[in-house]
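Before I ask anything, here is the structure I am working with.
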C-alpha cells in the first residue's frame, strides 16, 4: 500500500517535471519571439502564455470540457517564471538553444499524449484524438505567430505538427491492440520526440506546394 | 413506407452532394492561397480545413453544441481529397476557375442554411440565427486569411458575407410566416446563391469607409 | 416597495448607460481602424463588433456559459449605431478624440468588473477572475488588430491591459475582506479607470523586452 503511494508520488512528480519542462519551453519560445518584436513585458507574457496553453485551451473548448489551466495555477505561474528567466538571462539564451530545442520536443510529446488521452476519455474516436493531440501540441505555436503578425512557422519549416500525427498513429495502433495505458503513452510520446529530433537533425521537410504558374523541376 | 425510405435516401444523397461540393470548394480555396505562400502539404491541409470547417466550428463552440466535424469523418476526408486534387491537377486549376466559383457559392448557400437552422433549433431568436449563418458561411475565409497573414478578403471585395445576411433575411421572413421547412431552406439558399453570383457578375461592392482625412468626391 | 423599484430602475439605467458608452467606444475604435484600411461597411461592422464583444465572447466560451450578446440585441445594435456614427460624423471624429478616450476607459473599467464577477459567480478562484476580467477588457482589441493584420497595439503602447490587472487586484482585495458588492465593483472600476487615464496622461509604459543581441544602456 505504501509502495503504491510512493510509486504514485514518483509518477506524479515525473509527469510534473515533464509538464513543467514542456510548458516552460513553449512559453520561452513565445516570449523570445515577442521580444524580437519589442513587445513590453505584458505583451511578452501574453504571447508566452498563448504559446504554452493556447493549444490545450482550444482543445478543451472544442471538447466542451473545463479549460485545464483554470483549475491549476501551475501553468500561468510557469509562464511567469519563463518571463523572468528571459529578462534575467537574456544574453545567454542563445547558448541554451539546444537545451530549449530538447525541452520543446519533450513538451510536444507530452502535450500530444495528453490531448489524445483526453479526447478518447470523452468517448470520441481515435482519429479525433489524433487531431486534438496535434492541436494541443501545435496550435499554441500558430496562435503565437498570429499574435506577432507572422506567417505561422510550422506550416513551412521542418516537420513539427506531423510529429504529433506520427505519435498519434502510434497511439492509435497501441489502442487498437488494447495495450496497457503506460505502453500506449510511452510509444506515442517517444514517436513524437524521435520524429521531431530526426526532422531537425536531418532537415526533413514536407514537400512544398508549388504556386500554380511554377514549372516542375526537370 | 418503402417510398418514404427512397425519398429519404434521395434527399440525404442530394444534401451530401451539396455538402461535398461546398466543403471541397472551401478547402480548395484555402489550399490554393496556402500554396501561393509556399506552405508545405501539412500547412496547406490545415489552411484548407480551417477554411472549410472553421466557420461551423466557431458556430458550434459559441452555441455550445458538439462540434460537427468530430462526429463525421466526412469533412476532414473531403479536405484531404481537396489537397490531393490540388497536388495532382495544379496546372489546370486556373481553368476550373468558374466551376470553383459556382461550387463556392453553392457551399456558401448551404452553410448559411445549416447555420441558421442549427441556431433556431437551439431555441435562439432568428436574428442570432442570421449572425450564426453568416459566421458559418464566411468565418472560415476570415480564419484562412488570418492564417496566411493577409487582411481578410471578404472585408474589401465583392459582396460575400452580405449574401449570407440577405439569405438570412429570406429565412427570417419564411420563418415568420410559418412556411414549410423545405421552402424556408430553399428560399434562403437560393437568395444567398443569387446574391453572390450577381455581386461577382456585376462587381457589386458595399461602399468603402473613407479614411478620416479624405475628401468627399464632388 | 415603489422606492425599491425606482432605485432598481435607476441602477439599471445607470449601468446600461455605462454599458452603452463602453460598447460604443470599443466599436468606434474598431470601425475607425477598419476605415483606415479601406474596409467596406460590412467589414467595418465586423471589426467593430469583434472589438466590442470579442473579449466577452472569448470569456463566455472559456467559462462555458451562454454567450452574452446572443441573449440581448443591445450589443449588436449598439455596434450598428457606432457604424452609422462614423459614416455620418467622419470628419469630426478627430475632434472627439478625448471624449472617445474617456468612453474607452469607462468601457474598459466596466468590462473588467463584469468579467471578474461572472467568473467568480462560476465558482472559480479570484486569480482566474482577474485573467478573465483582463480578457473581457483587452482581448477585443487584440482580435481587432489580428483582423486588420497589425501587431496588437496593446502589447507595445501605454498600459492598457495592465490597468485591468490593477483593477482585478483591487477586486481581489475587496473580495478577500468580504466587502459589499457595490464597494468591490466600484473599487475595481475606479482602479482600472484611473490607472488607464494616468498611464496615457504621463505616457507610462511597461518596460520593453530587449532583443537578444542588444546592448544594455550604460
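In this document, chain identifiers A, B and C correspond to the written order of the chains, with residue numbering beginning at 1 in each.
Everything that follows uses one rule, which is that a contact is a pair of C-beta atoms (placed from the backbone, for glycine too) under 8 Å apart; a residue touches a chain by one contact, two chains touch by 3 or more.
What you are looking at is a predicted structure, and each value in this text was computed from that prediction instead of being measured.
K.L.:
Since chain A and chain C are copies of the same chain sequence, what is the angle of the rotation superposing the Cα atoms of one on the other, rounded to the nearest 5°?
P.N.:
120
K.L.:
Taking shared residue numbers divided by all residue numbers at the interface, is the value for chain A and chain B over half (same) or under half (different)?
P.N.:
different
K.L.:
Any idea how many Å lie between the Cα centroids of chain A and chain B?
P.N.:
For chain A versus chain B, the centre distance works out to 31 Å.
K.L.:
Where in chain A do residues touch two or more of the other chains?
P.N.:
Residue numbers touching two or more other chains: 61, 64, 146, 149.
K.L.:
So in the complex, the part of chain B that touches chain A is made up of which residues?
P.N.:
So the residues of chain B in touch with chain A come to 31-32, 34-44, 46-47, 57, 61, 64, 66-67, 70, 73, 76, 86-87, 90-91, 93-94, 146-149.
K.L.:
Considering the complex alone, what residue numbers of chain A touch chain B?
P.N.:
By the definition above, chain A touches chain B via 61-62, 64, 124, 127-128, 131, 142, 146, 149-152, 154-156, 159, 161-162, 205-212.
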